[in-house]
Amino acid sequence: MAASPDREGLRARWARALDPELRRARGLSAVNRAVVVLILASVLTAILETEPVLRAAGGRAFVVAEGVFLAAFVVEYLARAWTATVNPRWPSLGAYLRSPVALFDLAVILGVLLPFFGMEASLLRLFRAFRLLRLARLGRFSQAMRLIGAAVSGRGPEIGVSIGFAAGLLLCASTGLYLAEGGVQPEAFGSIPRAMWWAVATLTTVGYGDVVPVTGLGRVLAALTAFTGIAVIAVPTGLIAAAFADAMRAARSHRRGGGEGRDDDGSDRDGG
Amino acid sequence: MAASPDREGLRARWARALDPELRRARGLSAVNRAVVVLILASVLTAILETEPVLRAAGGRAFVVAEGVFLAAFVVEYLARAWTATVNPRWPSLGAYLRSPVALFDLAVILGVLLPFFGMEASLLRLFRAFRLLRLARLGRFSQAMRLIGAAVSGRGPEIGVSIGFAAGLLLCASTGLYLAEGGVQPEAFGSIPRAMWWAVATLTTVGYGDVVPVTGLGRVLAALTAFTGIAVIAVPTGLIAAAFADAMRAARSHRRGGGEGRDDDGSDRDGG
Amino acid sequence: MAASPDREGLRARWARALDPELRRARGLSAVNRAVVVLILASVLTAILETEPVLRAAGGRAFVVAEGVFLAAFVVEYLARAWTATVNPRWPSLGAYLRSPVALFDLAVILGVLLPFFGMEASLLRLFRAFRLLRLARLGRFSQAMRLIGAAVSGRGPEIGVSIGFAAGLLLCASTGLYLAEGGVQPEAFGSIPRAMWWAVATLTTVGYGDVVPVTGLGRVLAALTAFTGIAVIAVPTGLIAAAFADAMRAARSHRRGGGEGRDDDGSDRDGG
Amino acid sequence: MAASPDREGLRARWARALDPELRRARGLSAVNRAVVVLILASVLTAILETEPVLRAAGGRAFVVAEGVFLAAFVVEYLARAWTATVNPRWPSLGAYLRSPVALFDLAVILGVLLPFFGMEASLLRLFRAFRLLRLARLGRFSQAMRLIGAAVSGRGPEIGVSIGFAAGLLLCASTGLYLAEGGVQPEAFGSIPRAMWWAVATLTTVGYGDVVPVTGLGRVLAALTAFTGIAVIAVPTGLIAAAFADAMRAARSHRRGGGEGRDDDGSDRDGG
């Protein structure tokens, strides 16, 4: 505050620009918006890279893109570490580096290096998919996500009861079809766990049709399952929709309340 | 009360621990929670035991597990009989033993012994599935279940009318496809009951695809069925979701009301 | 009222017992309840009679049952004609016999006689299905049906707009798939009307799977169709559910209002 | 107003009859209702014309119908140009002719002429589908459409968040199945974009069944996807239904408010 006010001010300003928790204005800072775009672009690249046809066509471009994303995420990691010392949320640089947030960032950076070495196909798939974890970093920037999580967990008992209902119905349907069709189609209905695959497809009304009952009794039970399923599935659906509506209302009033009282930054606010 | 106060007190305490109706605190007693876990574990074992692959791999383990569950349920049955004499709900031990609840418990215990004798495959499947009836014992411990049942039956007329609508639409769709496709696909649409299998899959939007209309008229009728089905199905869905919401609200206010007035046990209540 | 008071009173009582519009008490009279059961039984018989397997097994029983139903409906028809002269709704017996209600009853009675003569298979199917029209006679006895019809037509503009939306989306999806897959799968997507069969199955989430896009562009369009479909379908669903809820509320208050004022019959009312 | 009052009055009356924005009464003018019918008829013709079977049967009739529609739309275009000079919305005839509305009308007229020349099959399909763009002209006449658009965009943030959720779930499901089934079914799950086709069909509960998981892990993930999908899909569904309900309410109050104040035309109003 006395020796190098300019540099200290720069660090503090960067800390505010990088950490959404410190930001007093509504919305994300320009820096974090760039990080979000970078994460989305890198995830899109990782998705496309899993497709053999695209990998064969644009192999070099993927390597270059991965290099650019890697460099950008390293720079971001270092910038966050640099500003951690002036961030009141972290007592010391070491505390920040050992925090789950920073360790996750480091793991995601190091994960990129893994698939460059030769390895077995299924492991390679795993490491390719690993890059998609970058997407989880977005959660940090989204207040809505946090409020929705709180609202859904606030309806815990209701959702729990309705999941119990759905599970009971799933078990009844599987047992019924196991009894009705177990002898005729042993491959599809020869045990309750096997019959569950059919029951899930029917209760959720997905209805792949790869496994269907063929006996009269099996079809009557399937019809009952399909109709009851609609009713039972409706309940958690309604509860989650209501929880979401509550969360959005809470988010709106929170934003309004938060934006009015403490507005000393005001750089890029968009209205009241 | 005079001769052996300690033993009488022990029995009364066990009676309260075993019978949820006698319990004055919120939630289940530790003993009943253990019973619930035991039931769930035994049902899971019974489900897995129906799968031939698992039965071949862990045959011995299943026999041991079934023995443990059997012993535990026998002990529970005897404990309930022992405490029935001090339970005000039962005038005598004989009255308890002849009650539907106790007879169901006995049947479930004896049912375990059945599949150990050699028998025909379809009977064996039936007796394996029989063990899942243990799950029905859980209903006794769940206040929510009882309240939901009451709420749904309170909306009886509405649900009845909407089921009538759905049945009428099912009949119209089956008849239409029977007329349109009965000559072209006699196996699938050669009678109204046969066409109903297709109509159920379409009205519930499950859509297995094992049976589909191929003529122009059949497809137009199928399209009308699919669109109308969405509307008709929506009605019971909304009614049941509303009944469930009412039941949860009733359960909450009931818990609150019940917890305030008579709180002389208070062993493991969780807040007000 | 003067000459033969007993017989006149009998006729008037039968008129009230047969015509739900004249009945002042809530619910159906015992006679009409018997007619409803008769209609349901005859429709169930007609449904089962379309199944060749059952027809082969119980041919004689079906003939006997049809004869009994025919006799019963003839008796009912004559009884309604006999009471029409004392029914204030009909100026004369001729007016009743020429009314749409009586003509429909006569047509349904005569329709039963048709399939007894030899005829072509598709015509035979049509006449078998014709018997199901008896079910439409139930509408007359159901006040709920009339109130629901009124409520749905009261939301006409909203439902009209949402059907227009659904139709527009159906057209967009069909056109898109016609363009994307018309060259690759001419049988399934070679024209817009053909592509509509796929579009209906996708928009309603029935998803038979007999016709699916195989090109990349076709699949992207199909994904958009499936997601948009959920949103567009939600709208009429919600509107109809709301209309139904309104209708049930109206029916309840109507029953209450109607039961209080004019209660001079009071034979089998069930409470206030 | 002075020189040729009759002709000026005729033009002004035609301008009001042709432009819904100038019309002060509720509903469409008789002229615009005819235009709407014409557009619907021409689109229906264009749809049927894509079907090779119908084109072979009624080739001449389609040419005649297209000629009639072309002539009618040319007359309409000229009438709109003629009245543009007295329409206060357009400063000059040139301004009208260069407006997006008039250019779109011209493009749709000229588009009809294109497929008459010999060209490649896929281009021909495109030009056939081009005629359906006439349908977009209807949007101009529909106030409801505009109000709904406004209502949906007013719920932008909520819908955006719920689309983000759905996208995240889609990505999780695709990645899971890519890892679980990528090795077993490389054609269907060999990359994340490929697995997305399955994930869309499952999350939307369409369930074509052309691609289904076969491994145990794949089926467990598919079951989780199907159940979670129902919950996530419920949210935008509810939001859009609520937005639609708001829009319809707004439309109704707007119509009522607009009809009361400025009612100097009053030619074909239909009540208050």
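The chains carry the letters A, B, C and D, assigned in the order they are written, with residues numbered from 1 in each.
The criterion applied here is as follows: a contact is a pair of C-beta atoms (placed from the backbone, for glycine too) under 8 Å apart; a residue touches a chain by one contact, two chains touch by 3 or more.
Predicted model only: the values in this text are computed from it and were never measured.
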Remark   = Given over half shared residue numbers means same and under half means different, the subunit A/subunit D interface is different
Ask   = Equivalent interface to C-D, which of B-C, B-D or A-C, with over half of contact pairs matching by residue number?
value = B-C
Message = From the centre of subunit A, which other chain's Cα mean sits the farthest off?
response = C
Query = Roughly how big is the turn, in degrees to the nearest 5, that lines up subunit A with subunit B by CA atoms?
reply = 90
Task = Report the inter-chain centroid distance for subunit A and subunit D in whole angstrom, where each centroid is the mean of the CA atoms.
result = 33
Key: subunit A and subunit C, separation of their C-alpha mean positions in angstrom   = 47
Ask   = Going by the touch rule set out above, which residues of subunit D reach two or more other chains?
value = 201, 205-209, 237-238
Ask   = Any idea which subunit B residues touch subunit D in the complex?
value = 205-209
Ask   = In the complex of these two chains, what residues of subunit D are touching subunit A?
value = 157-158, 161-162, 168, 171, 175, 178-179, 182-183, 190-194, 201-202, 205-209, 212, 219, 222-223, 226-227, 229-231, 234-235, 237-239
Query = Taking the complex as given, what residues does subunit D use to touch subunit C?
reply = 43, 47-48, 50-52, 121-122, 125-126, 129, 132, 135, 144, 148, 166, 196-197, 200-201, 204-210, 233, 236-238, 240-241, 244-245, 248
